[in-house]
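In the two assemblies presented below, chain A is common to both, partnered first by chain B and then by chain C.
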Partner chain A sequence: MVKKRANIRLFILFVVPAMFIWITVVLIPFIYGLFITLTDWNGLSADFNFIGLKNYLSVFSDGSFIESLKKTFIYSFSSVIFSNILGLAIALALTGKIKGQNLFRMGFFTPNIIGGIILGYIWNFIFAFALTSFGKSIGWEVLEKSFLTDPNKAMLALIIVTTWQMSGYLMVIYIAGLINVPNDIIEASEIDGAGMWNKIRYVKIPMIRNSIAICVFLTITRTFMAFDINLSLTAGGPYKSTEMISYKIYQTAFSNMKFGLGQAQAVVLFVIVAIVSLLQVTVTRKGDDLA
Partner chain B sequence: MKKKLLCLLLIVVMLVGITTACGSKEATDGDATQETTDKGTADEETKGKETDSTDSSGETVNITFYSTQVGMDDKFEAIIDRFEEENPDIKVEYIAAGDNQLQKWMSLYASNEGPTVSLMDPINIWENKDRMLILDPEENPWMDNVFESAYASYIYDGHIYGIPISTQGYGLLYNQRVLDEAVGGKFDPDTIKCRDDLKELFDKIEASGVGATMITGVNWSIGMHYLALTYAGYRENRDVERQVVEESRAGTFDLANDQVFNDLMDTFDMLAEYNYNKADPLVGNIDIDAEAIATGKVGTWFMGDWSWVQLKEVANRDDEFGLIPIPVNNDPNDDRNHRIPASEPKGYCIDISQNTVEQQEAGKKFIEFICFNEYAQQIISDTMGATLPYKDVTVQSDSPLAAATSSYVNQGRTIDISNFILLPSDFWYENGASMEQYLAGAIDRDTLASQIGNYWKNQ
Partner chain C sequence: MKKKGKWITYTILILLLIAFMVPFYLLVLNTFKTTQEFVLDPFSLPKFLNLDNYKDAIEKMNFKVSFRNTAIISLSTTLLNTVVSSMIAYVFSRKNWKINKILFMVLVASMVAPFQVYMIPLVKLYGGTLGLSNNLATVIYVGIGITIPFSVFLYEGFLNSIPRELDEAALIDGCSMEKTFFKIFLPLMKPIIVTVMVFVGLGSWNEYLMTSLFLTKSETRTLSIAAFTFLTNKSADYSPMMAGLVLGIIPILIFYLFGQKHIIEGVVQGSVKG
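The block that comes next holds the complex of A and B.
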C-alpha cells in the first residue's frame, strides 16, 4: 500500500509536468490545427466559417498539390539514394587506413552544421553566378546558363545540395556502425580469401543494416519535410517547378492566406511522415530481432 | 533524501514557472479589455497587451510599428527616436517584417500582439479591414494634407483605412546618356508615342552597341506590375475593371481574346525579343540589372522608381535617368501610351482589434509625425527615392526617378492602378509563375491565358 502510494507520488512528480508540457505544446496545438482544417479561416480575420471536409477535398482535387507531392517524391527518392551512397562510401573510406581521418570527418560533416537557409543562399550564388561565369570563361555551354532557371536542372541543384549537406551527417552514423563491426569477423573473411569488395558486400553491409535503416528513414523524413533549402535555393522556382510539399504548404497558408487549406495540406504531410516513421520503427525492430 | 528534496524543489520551481506564465496572460487579457472604438467595425473586443495598457493619467503609452518596407529599418528607427524625443509619453517599438511580410503579421496577431501601426500593401489592409481603424478626415485635420487622389487604394465602402507613404510610378526606366548616344542628340521620352516608336528606339540602341531593354524575370515584376495591368488601369473606367474581375472569378471572362490583354502581351513580346537577359531570362537579380543599366550596358529597363535604391549605389553622380510610358498599341493618339502606371503601394493603418483606444490615438500621432515631420520626410524621401503624396512637401529627393514620377503626376499623366486591390493577394505569385514560363518560352499565349483562367476558377 505504502509502495503504491509512493509510486503514485513519483508518477505525479515526474510524469505530470512532462505530460502538461506535452499536452500544451504538442497535443492542444495539434487538435487546434485539426480544427482549423475544418474552417475557411484566412489566418488573420476575426471571422471564419465551418466548411466541413471541403479543405481536404480541395487538397486532393488540387492538381498543384498532387504535382508538389510528385516532385517531393522525386526529390526525396533521389536524395535518399545519393546521400546514403555517398555517406556510406565516405564512411568506408574513413574507417580504412587513410591518414588524417579526423580532419576528413570534420570536413565532410561541416556542411551539416551550416543552416539550411545560409547553405541555400551560398549555393544560389554558386549556381547563378560562379558556375555561369566559369562556364562562360571556358566556353562550356552546359554551365553558361544558371541551373536555377531551368526546371529540371533546378531540381537537380536541390538534390546536389541536399546530398552534399546530408552525406556528412549520415557518414557519422555509418562510421559508428562500421567501427562496431567485430574485427575477428573481418579477419576471418580475409582468411577465407575475401577481397575488399566482398568484405564490404558480405561482411560490413550486413553487419550495419541497422545503421542503414536509420539513415534511410532519417533521410526520407528529412527530405519529405525539406523547407529551408527549397526556400533559399530556388524559392519554388523557376515557375513553381521546384515547389515541394512543405514550401507549398507555407505558400498556401502565408502568401495565399488560405490558412485552413494550408493546414489540411500539412495534415496530409503529417500522415505521410508518420507512416514512414512507423515503418522505420518496424524495420529497425525486425533488424534487432534478426541480429 | 537530499536528492529527493532537490528533485522536488526543481519540480516545484518548474510548475510555479508554468502556472505563473499562464496565469499572468489570463490576468492581462481580463484586466486590459478596453472599450471598443465606435468607428471600427470589428466584432472582437478590443484588448490591450500586457505592458501596453495605459490610462488617461499621462502614463507612457507603448505602441508597436510593423514595417514591410525593405531596407528602411535603421531609418525608421531614427524617425522613431526623434518622435519619442518630441512625444515623451509615447514609446514606439519597431518590428521589421522578414522575408514574408504576411507571415510575421499573422504570427503577431495570432499571439495577440497585433501591431498598433502597420505599414502594409493596400490589399492586406482591405482584406483585413475589420481589424482596422477608419480614419476620419473631420476628426483628423492633418489628413487633408494628403492628396485626395492618393487615398484611392485605401478607401473601402467610402471610408479611409490607410495613409499612403509614397507615390511610386513605373514603366521603362532609361539611362539618358545611352539613349542620347543612340538617337544622336537629346532623347525626349515624349517622342515615344506608340509601340512602333519604341521598336525604332530599341533598334537604334542596339545599333549603338548596347542592349535595348531589360526585363527582370521575377514574379512580382512581370506577374504583378505587368500582368495585373490587364485588370487595372488600361480599361475605360474602374467599374469596367471591376466587372472584368468579377467575370474572371465566375469563369466567364474570355482572356485569350481580350483586347487589353493582347495589347499588353504584344508589347511584352517585343520587350522579350529585345531583352538583354534573353539568354537566361529568369536569373532575375535586381542588383545586377541595376548595375547593367547604370553602367550603360543596356538602355532601358522595365522597372519602377523604387529601384533608385539599387541604382544610386552604382550610378555616377551626373548620370540622368527617367521613365518612358509603356505603349500598348500603335495609335499615337491613345492616351494610355503617354501615361505611366502610378499608385501608393504601401500605407499606414491602425489596428483596433488588439490595441486600446489610447494606443490607437498614439498611433495616429505617430502616423502624423512620420508623414508630415520634415525630418521624417527627408529620411523617407532620400532612402526610398520616392515621391511623397502630400501637399506642402518642402524636402527634395535626390532621385531623378522620383522626379520623373512627380513630373508625370503633376501633368496628370498617370494611370490609376488602384484597382489592383481587387486582385487576390496571391495573384502575383501564382500568375507570376505563368508569366515566367511565358517569358522563358515554355508556354504560348493561349496556354498563358488558360492558366490564368484556371487560377481565377480556383478562387
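The block that comes next holds the complex of A and C.
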C-alpha cells in the first residue's frame, strides 16, 4: 500500500509533466491535423465543411504539388551524393594522422552552428554580387549572371549551399566512425601490401557501413524538411522553380489560406519521412547483424 | 613518397577550408564598406573600419530586444526541457511498468514526424483558439514539447548504462526514488545533460519556422526573425543588412569558440542515436 502510493507520487511528479507537454504540443495537434485534412477550412472563418478525402485527392491531382515533390527529390538526391562524398573525403583526410585535426574539424563544421535563415542570406549576397563580379573579372560567362535569377540554376545554388553546410556535419559523424575502425585491421592490410586507395575501398568503407547509412538517411530527411534555406536563398523562385515540399506546405496554408489542403500535403510529407526512417531502421539493424 | 602524399593532403585541406570560409570573409569584409563600394567591387578592401552599417543594423533590427528574446527563449527551453526529460527518462529506465514501455515507444515513434505535420494545427490551436501569439512563453512551451522525445531517448539510453546496484544501495539507505534521482543520478548524468543541452539550445537559438508563426510583433522578435524582416524590407541598402547578419552570427560564434568540443560531440551522439 505504501509502495503503491509512492509509485503514484513518482508517476505524477516525474512522468506526468513531460507527458502533459508532449501530449498538448505533439499528440493533440497531430490528431487534430488529421481532422483538418477532412475539411475545407481557410484558417480564418469559424465555419468549414467536411469534404472527406477530397484534399488528399487534390494533393495528387495538383500539378504544382507533384512538381514540387519532383524538385525535392532532385534536390535531396544531389545533396545526398555531393555532401556525403565531400564529407567522407574530408573525414578520411583528417583521420590520416594530420596535425591540427581539431582546427580543421572546427572550421568545416562552422556553417552548421548558424541558422538556415542567416546562411541563406549570406549566400544570397555571394551569388548576387560576389560571384557575378568574380565572373566578370575573369570573363567567365557562366558566372556573370546570378544563379538566383536563372530558373535553371537556382536549384543548383540550393544544392551548393546545402552541400557546403551538410558536408561539415556529415564529416563529424564519419570521423567518429573512422576512429572506431580497429588499428590492427588497417595494419594487417598494410602488411598485405594494400595501398592508400585499397585501404579505403576494402577496409575503411566496409567498416563504417553504419555511419554511411546514418549519414545518407540523415541527409534525406533533412533535405525533405528543408525550409529555412529555401525561404531565405530563393524564396521558391525565380518563377517557382525552387518551390520544394516543405516550402510548398507553408505557402498553401499561410499564403493561399488553404489549411485543409496544406495539412494534407504535410501528412504526405510525414508519410514519406516515416517510410525513409523505417527503411533506415531496417538497414542499420541488418548492418549490425553482419558486423 | 609518403611525406609527399601528406603535403598534398595538407594543401588540399587548406585550400578547401579557405573555400569554405570565403562566404564569411566576404560577408564581414563588406560590412565595413558602403553599399556603393560593395556593389562596385565586393572583393576590395574597406578604406577604413567604418562601423556605420553596424549602428544602422542595431537600430533597425532592434538588436537589443531581439537578442534578449532569443536568449530568454533558448535558455528557458533548454533548462525546462532538461528538467522534465531527465525526470521522465529516469522513471522509464528504473521502473518497468507496462505504461512506461508504451509511453516510451510512442515518444520515440513521434521523433519520425517532421515539424510541418504539427505546424498548421499548432498555429490554429495556440495562436487562434487560445490566443497565445506574440508570447515568448508559447514558443518556449512548444519548443520543449517538440524536443522532449529526442532528449528522453538520449537520457534513457544513458541511464540504462548506470548499474542498478547504485540505486538499490540508496533505496536501502532509506532514500526515496525522487531523492535518489536528484542526489545520485543527476550529478552522474552531467556529460549527457551537457550534450543534450547544447543540441537543444543550438536548435532553439537558430529556430525560425515555428517561432515566426507565433511571434510577429517587433517587440517579440528573435534574432532570426529580425534578420528576416530586416532583409525582406525591399530596400537596396545592402551593407547594413550584411552587418545585421554578422550581428546575428556573433553570439553563436562566441558560444562555438568556447564549447566547440561539446557542440561537435552533441552532434555525433544526437545523430548516431537519434
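To be clear about the criterion, the second predicted complex is superposed on the first by the 270 of 291 C-alpha atoms of A that agree within 3 Å, B and C clash if a C-alpha of one lies under 4 Å from a C-alpha of the other, contacts with A are read in each partner's own complex, and residues count from 1 in each chain.
Throughout what follows, a residue touches a chain if its C-beta (ideal position, glycine included) is under 8 Å from a C-beta of that chain, and two chains touch if they have at least 3 such contacts.
Just so you know, these numbers come straight off a predicted model, no measurement behind them.
Superimposing the complexes on chain A yields a three-chain arrangement in which chain B and chain C clash. Of the two partner chains placed by superposition, chain B and chain C are both touched by A:Pro17.
When the shared chain is aligned, chain B comes close enough to touch A:Lys240, but chain C does not. Once the two complexes are laid over each other on the shared chain, residue contacts for A:Asn42 go to chain B alone; chain C is not touched. Of the two partner chains, chain C is the only one that A:Gly96 touches; chain B does not reach it.
Of the two partners chain B and chain C, it is C that touches the larger number of chain A residues.
When the shared chain is aligned, chain C comes close enough to touch A:Leu269, but chain B does not.
When both complexes are overlaid on chain A, the residue A:Asn256 reaches chain B alone and has no touch with chain C.
In the superposed model, A:Ile74 lies in contact with neither chain B nor chain C. Overlay on chain A, chain B versus chain C, candidates 39-47, 75-83, 111-119 or 381-389: the clashing stretch is 111-119.
Once the two complexes are overlaid on chain A, the chain A residues touched by chain B in the first and by chain C in the second are 13-14, 17, 21, 43, 231, 250, 254, 259. Taken together, the chain A residues at the contact with chain B in this complex read 13-14, 17, 20-21, 42-47, 62, 128, 132, 144-146, 148-149, 151, 231, 237-240, 250-251, 254-257, 259. Remark: chain C residues 5-6, 9-10, 12-13, 16-17, 20-24, 26-27, 30, 38-39, 41-43, 84-85, 87-88, 90-91, 95, 100, 103, 106-107, 110, 112-122, 124-125, 141-142, 144-146, 148-149, 152, 176-178, 181, 202, 205-209, 213, 224, 227-228, 231, 238, 241-242, 245, 248-249, 252-253, 255-256, 260, 263-264, 267-268, 271-272 touch chain A in the complex.
Per the touch definition, chain A reaches chain C in the complex via residues 6-7, 9-11, 13-15, 17-19, 21-22, 24-30, 32-33, 36, 43, 90, 93-94, 96, 98, 104-118, 121-123, 125-126, 129-130, 133-134, 164, 168-169, 172-173, 176, 196, 211, 214, 218, 221, 224-225, 227-228, 231-232, 246, 249-250, 253-254, 259, 262-263, 266-267, 269-270, 273-274, 277.
Those residues of chain B lying in contact with chain A across their complex are 7-8, 11, 14-15, 18, 42-44, 99-100, 102-103, 105-106, 109-110, 127-128, 130-131, 217, 219, 279-283, 285, 353, 424-426, 429-430, 433-434, 436-437, 440, 442, 458.
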